[in-house]
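Same chain, two partners: subunit A is paired with subunit B first, then with subunit C.
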Partner chain A sequence: MNHRAVVAGFKQQKIQFFSDPQWIIPSLVSPFLFTMVMLFLYGDDVDGPIVLQAVLGGGVLGMWANTLFASSFTISYDRMNGTLESIMVAPSSIYSILIGRSLWSTAIGLVNAVVVFVIAEVMFDADLTLANPVLFFVMLILTLFSLASVGMLIATAFIRTRMGRVLSTIAEYPIYVLSGALVPITVLPEGLRVFSYVLAPAWGIDAVKRAAIDGCESMFGVSMAVDVALLLALSSLLLAVAYVVTRRVERRMLETGSATRY
Partner chain B sequence: MTGTATIIWATAKNTFISRFTVTPPIFWALQIVVTSFFTMYFFSLLAEYVGNPDVTVAFVVIGNAVQSIAATTLYSVSEIPSVEKHTGTLSSLMQSPAPMFTVFLGMSLFSIFSGAVAVTLSLGYAAFFFHVSFAGCNFLSMALTLTLTCLSLTGLGMLIGGAGLHLRTSAIIANVVAYIGLLISGVNFPVSYLPGWVQAASACMPLTYGVEAARAAVEGASPAEILHPLGMMVVLGLAFAVLAWFAFRFFERLLRHGGKTDAF
Partner chain C sequence: MNGPEHAIVVEDLVRTFKSFMSGSPEKVAVGGISFEVKKGEIFGILGPNGAGKTTTIKMLSGLLTPTSGKAMVLGMDVSDEKSVRSLRRRINIVAGGERGLYYRLSGRQNLEFFSDLYGIPKKEQKTLINGLLELVDLADAAEVKVENYSRGMKQRIHIARALINSPEILYLDEPTIGLDPEISRGIRGLVRKLSDGGATVILTTHYMFEAEELCDHMIIVSHGKVVGRGTVIEIKDSIADVSCIKVVTEADPAVAVAALRAEGLEAGVDALLNGRFVTKFAARKGDDALGSYEGLFAPFRVKSIGIEEPTLEDAYLTLVGGDAE
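Presenting the complex of A and B:
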């Protein structure tokens, strides 16, 4: 991995974010919407833990949406704008560049979680005290790492297609359902829950909720150590798969000269 | 065929071809099939989990079925000028003597078609997967409701799209309106839950009336009984269409005078 390419990828994604601020939607508007729908559904019965659950759920869904859309567009845009060739001729691997870009999207995910948290605190004046703030912060970082690994896989898988946008739109709500962020996966049919088990961030979400809300039980029925172990194992697997896919796609594009085919 | 009809026909045909060239029909269909189902499923699970007695699964499912029109009309229609600008084809379009409003109206027919498919499919899901009873449904009322919802939201989409001629992207405005619409239009919970000033904003959204009329139609209300929401959709749809016409004229002139069709 090339450290300078990672930093450059991070910086480039930051510039792209501010010059084309439509990522504000998954980062800020969408988590706000999910949080508010849940709170309005509860009516007047909202108290601290419920608001916290809604805020965490909405915030995590926003992080999911940000990962999904930013990752699927990141290389598609280069392909569409004709800048993918320039990236390909650089001596650095696309993998390093994508790591840098995913890290920016992940960092924005953290910002959106904080913003939703502040909005809910101000609007509902609820007591949003975290059960274990240190553990919560650690688990949030690990969840962001798992989201970044998913983002890496999506970005590499979508390099060769011009349908990144369509595919990410197709994946959006199924992922919301399976993630367990707003609605615990225990309410899903058994057949669907299997898909949640392979989503690395779902284990992170489980751990985040338990660290934040006093008395919150695991939706997987496991200890927090198991949550963390599975999150790390699945995220590492995703990164490894992303690495293999990137190498293959990169080689294929160099052989066929199809970087600008659109 | 008159000139206007020719322009609408030509641009609509071109849009159908170009959309299906970039996205094969199977993926276009998959997007509608999956997104419609999982949006309804997600919000119905949420409603069930919260357990508010006022908000039944049927309430949420019908709301989201009608809302599926918004996803495919309001958002897609408003995005058309921005996409043309982004892909560098706006200049070519503006060289034609056809008014931009008419050109983009033709292009929006694809989105209207997608909206019609999405809502039909969603109502099918409502009946077969979510067990909403349509036994007493007044299908004439439902058809009128869905048609007017589709057209009025297209008018709103065209209005936002008009600004998209000038802006780098209209996606942000469209997304904000679409998301806020989802929150304030009574899709997932009754409008009465909202604070008073938000209810006033909700009265300006065609989706509010579409959702209200659709729920009434499922319970058997005749067109005469839902005249108010239907009438409001006609009024709002016409108002948005007129405003969109002026917006296109204004921004088209601004672009031509400034030579900024490719400014990005």
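Presenting the complex of A and C:
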């Protein structure tokens, strides 16, 4: 890894983020709509753990949407622009650049979560007292890290295809469900739950909910330490896989000459 | 022949591509070419569309793995992944015309991004980028987003991008295509300046005068094979057994031209505004050139007939056209 390339990727993503209004949809509009719907569904009962759960769900969805949106398109954008070749001819690895871009998207994910909270507080006057604010914040950051690692894997898996956006749109809703952001995964059939176990952010979401809500049970039935340990282990694994995939894909592109085709 | 005076040595380099249609044979983009480029020279690769020029310079810049054969660039083998990684610091490429830049970033931000990728020390970065912006005459437009640049500006910021690592070898794929004459001249001046500064430049072009003006040596490729090589003078001499005959007539000599083509000669007719027709063709020397052709054109009322010195274009057309493949 090369820290200059990481910083370059981060800065570039930031500039593009602000100059291209399409990010508003995944970053602000969809979590906003989701939270609104949830709060309307709960109607008058705008208090207590259920509301907090709904708001957390909205926040996490925003972070997911943002990660999927940004990472699935990041290299397609370079391919479309013809910049994939310019970055391939440079000595830094694409992996470092992608890390930088993911970090930016992750930071925006945090903004999302905050926006959803503020909306709930201000517009619905919901009681959003956190059981353990410090722990909540730490777990939120860890969850963001795990989301970034999923984003990295998605980004690298999509380097060679032009269909990144399409595929990620298809994957979007299943991922929301499987990660436990929408409903506790305990309501899912056993067979599907296996997918949740390998999604690193699911463990983070589990921990975040428990730090926020007093007496909230783990959806996996584990202690918070296990949540954190599994989150870190799975995220590192995802990052390692993403690294190997990037290297292979880079080599394949040199062999097939596919970096220029659009 | 792989001495230190050579920047590039290419031996029997081949690149094939899988055919778009399954089942049909592989497409041979470069079919075994060999050449050498001396350090510090401007080297031209000329050839018609699809000849394999871009494929060749991509292989030489480590963007495409050769199928077979060997290419040593600055003493490093482009088929070897490790060498390619160290080679990347020492070369750069401008290909792709208008594409290849971040449109939503300004010219300066683009250069900053790429200088980060090359690990240019932070304290040198600003001076370097300002210098490059001056060099390509974009200092005034540095803060403007590239999406607002004209084609000529995009091409110049591209060149600045490719100079960010002070490459020892710079590959330029059709650097003046689609640019107006003044901008093109500016870019040719820049290429000359870089070469004077010690860089080796490999250039592909479709413009004969550009090759003639810039290139110390060149190869002409057609269907992935080298069909001509040398200096401009050597290439012109290589078709010295051919004379270029120019005939001006009052009527359209279509029938005569068809007769020439039937004999396998390259012949072209231009209608002039004043109603005359100029026919040019290459004839073998020694077949009493003028005498026999004057008769052929007589029915079309010959105003003048004469032999011209072959131009690079004549040589190019003869070499490329004569390639039977």
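FYI, the second predicted complex is superposed on the first by the 261 of 262 C-alpha atoms of A that agree within 3 Å, B and C clash if a C-alpha of one lies under 4 Å from a C-alpha of the other, contacts with A are read in each partner's own complex, and residues count from 1 in each chain.
Everything that follows uses one rule, which is that a contact is a pair of C-beta atoms (placed from the backbone, for glycine too) under 8 Å apart; a residue touches a chain by one contact, two chains touch by 3 or more.
Note that the structure is a prediction, hence the values are computed from the model and not measured.
**Q** Have a look at where A:184 lands relative to subunit B and subunit C in the superposition and call it first, second, both or neither.
**A** first
**Q** Examine A:251 and indicate which partner it touches, taking first as subunit B and second as subunit C; both and neither are also allowed.
**A** In the superposition, A:251 touches subunit C alone.
**Q** Taking the superposition on A as described, I'd like to know which of subunit B and subunit C A:169 touches: first, second, both or neither.
**A** first
**Q** What is the contact status of A:82 with respect to subunit B (first) and subunit C (second): first, second, both, or neither?
**A** second
**Q** Would you sort A:91 into first (subunit B), second (subunit C), both or neither based on which partner it touches?
**A** The second partner, subunit C, only.
**Q** Now for A:224: first (subunit B), second (subunit C), both, or neither, which partner does it touch?
**A** In the superposition, A:224 contacts neither subunit B nor subunit C.
**Q** Once chain A of both complexes is superposed, is A:30 in touch with subunit B (first), subunit C (second), both, or neither?
**A** A:30: touches subunit B, not subunit C.
**Q** State whether A:7 touches subunit B only (first), subunit C only (second), both chains, or neither.
**A** The second partner, subunit C, only.
**Q** After superposition on the shared chain, which partner residues are touched by A:20: those of subunit B (first), subunit C (second), both, or neither?
**A** both
**Q** Where on subunit A do the contacts with subunit B and the contacts with subunit C coincide?
**A** 20
**Q** Mind pulling up the subunit A residues that touch subunit C in the complex?
**A** It is residues 2, 4-5, 7-8, 11-12, 15-16, 19-20, 81-83, 85-92, 97, 251, 254-257, 259-260 of subunit A that touch subunit C.
**Q** Given the complex with subunit A, which residues does subunit C contribute to the contact?
**A** On the subunit C side, the touching residues are 17-18, 55, 58, 61-65, 81, 84-85, 88-89, 91-93, 95-96, 99-105, 109, 112-114, 116-119, 145, 161, 165.
**Q** Using the touch rule from the top, collect the residues of subunit A that touch subunit B in their complex.
**A** Listed in rising order, the residues are 20-22, 24-25, 29-30, 33, 36-38, 40-43, 80, 162-163, 166-167, 169-170, 172-174, 176-177, 182-184, 187-188.
**Q** Any idea which subunit B residues touch subunit A in the complex?
**A** Its residues touching subunit A are 22-23, 27-28, 30-31, 34-35, 38-39, 41-43, 45-50, 52, 54-55, 87, 168-169, 171-172, 175-176, 179-180, 182-183, 188-189, 193-194.
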